[in-house]
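Same chain, two partners: subunit A is paired with subunit B first, then with subunit C.
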Partner chain A sequence: MHIVDGALAVPVLAVGAALTVAGVAIGLKKMDYDHLPQVGVLSAVFFIASYIHLPIGFSSVHLILNGLIGLALGWAAFPALLVALFLQAVFFGFGGFLVLGVNTVNIALPAVMVYYLCGMGISSSSPKVAAIWGAIGGAGSIVITTVLVAFSLMLSGEAFLLAAKITFVAHIPVMIVEGFVTAAAVLLIRKVKPEFLNIKERCDAV
Partner chain B sequence: MPQFLEHSGTSWKGQKVKHDLSVIDKLDPRLRVIMVTLFAFVTVLSENFFVLGVGVLVGLLLALLAQLNLKRTLRRVIAMDMFMIFLVILLPFTTPGEALFTVAGVSASKAGLLHALMILLKAHAVVLSLLALVGTLSATTLGHALAHLRVPDKLVHLLLFTVRYLDVIGQEYKRMRRAMQARAFVLRTDMHTWRSIGYLIGMLLVHSVERSERIMDAMKCRGYKGRFYLFDDMALGADDYRFMALFIPLLCILVGLNFL
Partner chain C sequence: MRFKLIAALCLSLLSLGVAAHNVVGGVYAIGDQIEGEVGFSNGDMATPGTVVNVTDRQGNELARLETDDEGGFTYTATQRIDHLFYANLSSGHILELTLPADELPDSLAAVGSVEVTVDKVAVPSVSTTPIATDRQGLEQMIERAVAKQVVPLRKEIAAYKEKSSLQDIMGGIGYIFGLCGLGIWWRQRQLDKQQTG
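After this line comes the complex of A and B, so read on.
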């Protein structure tokens, strides 16, 4: 999912960086110091999820979990994912340095969208409905992320079209796995610690 | 699935990674962050093969100076290559232009091959310099350096918290996986695996957040008001000026070469 340095055109890099700065600014504004540890935990979970590999036939995929992070954090997903991606780039060489902006938008924007689209759904009183919305959030965030990755490649040159299409097809198994895993995680958190997914606040608001 | 495939060989070891002290470690952390940023701009924005070639050499030289662990660095560079392998292989075949050679009836263009080569050079130059100059800092020092460079306070705090939790959550994850293994859980491609992993992640989050709340309470009890104190006062020394005297002219020459 990470794009490396040097592949994208300069305007794409600039737009990505600008959007990330805006997103992080909103995220930081909405996040008070009391929330900081929780955001840090989710940022670390994103990092750790990238080395949980699940088998798919003869191959394996690793989890991304940006849907779950979005459901828990909302706009604060931007700073959380920026920090995780920065640490990955600096200490593991995943992705690149100047593409950090584009990579952050590609992963954090779907997280924020899922927060608004599926947030109501997962606080439904029926566990079944909540699980389905969790699955939609988990799979949907990967769909949007892949589309954004494909877009950033395509905008950088016609020649990337095939690579962009392959990226999308290659991630279909990830979408399925991610949907099931997120649904199960949502079900469990609903039962054990509903306030973590802001479920109580949402119910009060209704 | 064999055990060694479960982790992609890059699990977080935090501050415990062994690393030999080198010339690079004598430099001011702030300087290292700034220099790597400038270097990344110069290489990524360049379209000149000579400049990029020199860029990769500079990256290699920095890696040598930093005495990076060869095996670990190689593993990371290969991990990065895996991210772009499709992109680079496909590029010659999807770029229109003068045909260079054909594979299975599809012709590869020279323009595409050059473009692919350019991406390879840029990515490697940046990643090598990044691992050498910034990757050798301890994560905490990096956080403090960013704070000194006027990165927003909250973002730096978040970075420091994340680094702390990476250790905690990583260990918690391994502990829970061991417990599952003890109950004969094997990863497969089925619903049972996905549900169990989903529950594992849910539980991991709940445990970690409860722990983070306890830490927060303990910190508040000691008067935490959203401020960290940066103990290491960083100052530029003679080594830093020497490094700058070498590196900045080099960057200027690289920029200049683009316009020749």
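After this line comes the complex of A and C, so read on.
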């Protein structure tokens, strides 16, 4: 999921950086500052999640969790993920500094999209419906991310379909795992701490 | 047909192979043989048949290699120049490795410095005695023997460097929480200002 330095063309890097700046600005503006600790915790969760490899068969995958982060944070996912990605580049060498903008957009934009697409769903009064929407959000964010990764590679000269196919197939296990994890997380948070997913605010808005 | 088979094989291998890990690799010289390997930080090696381009500093292609079953490749250097290795493992995973010229044996001719090569050829030609050739052979043998001992160590160091420790993880979390604290402090200050103002 982390594109490394040197894989992308300069215009792609520039557009990615510009979009990230815009996203972070919107995120900081829209962020409810009483939720700042929550933003920090989820940023830390993302930072760690990429480091923990879950064994699947003869290989391993790691969670990305941008769906869950999007559902919880909305636009604030941009600053949260930017910080986490930056620190991952510093400490683990994941990705790189030049591609930081592109990587942030590729991971944070799906998070924001999931926030708008599935936000109502997870606020449903039926836990079953909420869990299903959570799963859709978890898996869907990975799908959108793979498409965005393939798109960034295409703009830099790689064949889109091939890149998309390879990235997509590679992440099918991640999608399944993320779907389950996000659904379970949504169910748990709904019971224990519904304000974490802004469920009350959403209901009030309706 | 064959291409389809290879493509299918690549896809099935990739399906579990490239799930967002770091690309790691290394190149090591043993005499004039350059050995390298490409893989992912979780221990998976590159798909067999991954193309590795060898170029010089100016970007001229010297060779096009393919990785073997263990993600390794070998190249026999013919010139004492910097060798650049480039591998694209798809999905934005690329790897660039450099083997500096000074890791290659002196016996290989340096390119772009004709005078030097002439000098080098001239010196032995003055004293083309059996001792001189023996000496050259011996030097090569020693170089090769030392490289054989050192390469595994260098591989281990490279692997060690890739490994992040608990300190890195704690450090990262610390930074995130610190940033949050900063944000909360700033927020609080603004609220205080509003109240007093």
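To be clear about the criterion, the second predicted complex is superposed on the first by the 197 of 206 C-alpha atoms of A that agree within 3 Å, B and C clash if a C-alpha of one lies under 4 Å from a C-alpha of the other, contacts with A are read in each partner's own complex, and residues count from 1 in each chain.
Throughout what follows, contacts are C-beta pairs under 8 Å (C-beta built on N, C-alpha and C of every residue); 3 or more make two chains touch, one makes a residue touch a chain.
Bear in mind that the values here come from a model prediction, so they are computed numbers and not experimental data.
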First (subunit B), second (subunit C), both or neither touched by A:L161: first
Contacts of A:V61 with subunit B and subunit C, given as first, second, both or neither: second
Subunit B versus subunit C as contact partner of A:H53, first or second or both or neither: both
Partner chain in contact with A:S152 - subunit B first, subunit C second, else both or neither: second
Contacts of A:A89 with subunit B and subunit C, given as first, second, both or neither: first
Touched partner set for A:V24, first subunit B, second subunit C, both or neither: first
Contacts of A:V181 with subunit B and subunit C, given as first, second, both or neither: first
Subunit B versus subunit C as contact partner of A:V129, first or second or both or neither: neither
Contacts of A:I172 with subunit B and subunit C, given as first, second, both or neither: second
Where subunit A meets both subunit C and subunit B, residue numbers: 2-4, 6-7, 33, 36-37, 39-40, 43-44, 47-48, 50-51, 53, 56-57, 60, 62, 83-84, 87, 90-94, 153, 162-163, 166-167
Touch list for subunit B against partner subunit A, complex: 1, 5-8, 10-12, 36-37, 40-41, 43-45, 76-77, 79-80, 83-84, 86-87, 90-91, 93-95, 112, 115, 118-123, 126-127, 130-131, 134-135, 139, 142, 152, 154-155, 157-159, 161-166, 168-170, 173, 187-189, 191, 193-199, 201-206, 208-210, 212-213, 215-216, 225-226
Subunit C residues within the subunit A interface of the complex: 11, 14-23, 42, 44, 88, 90-94, 96, 162, 164, 168-169, 171-173, 175-177, 179-180, 183-184, 187
Subunit C-touching residues of subunit A, taken from the complex the two chains share: 1-4, 6-8, 33, 36-37, 39-40, 43-44, 47-48, 50-51, 53, 56-62, 64, 83-84, 87-88, 90-94, 149, 152-153, 162-163, 165-167, 169-174
Contacting residues of subunit A [partner subunit B, same complex]: 2-7, 10, 13, 24, 28, 31, 33-34, 36-45, 47-57, 60, 62-63, 65, 68, 72, 79-80, 82-84, 86-87, 89-98, 153, 157-163, 166-167, 177, 180-189, 192-193, 196
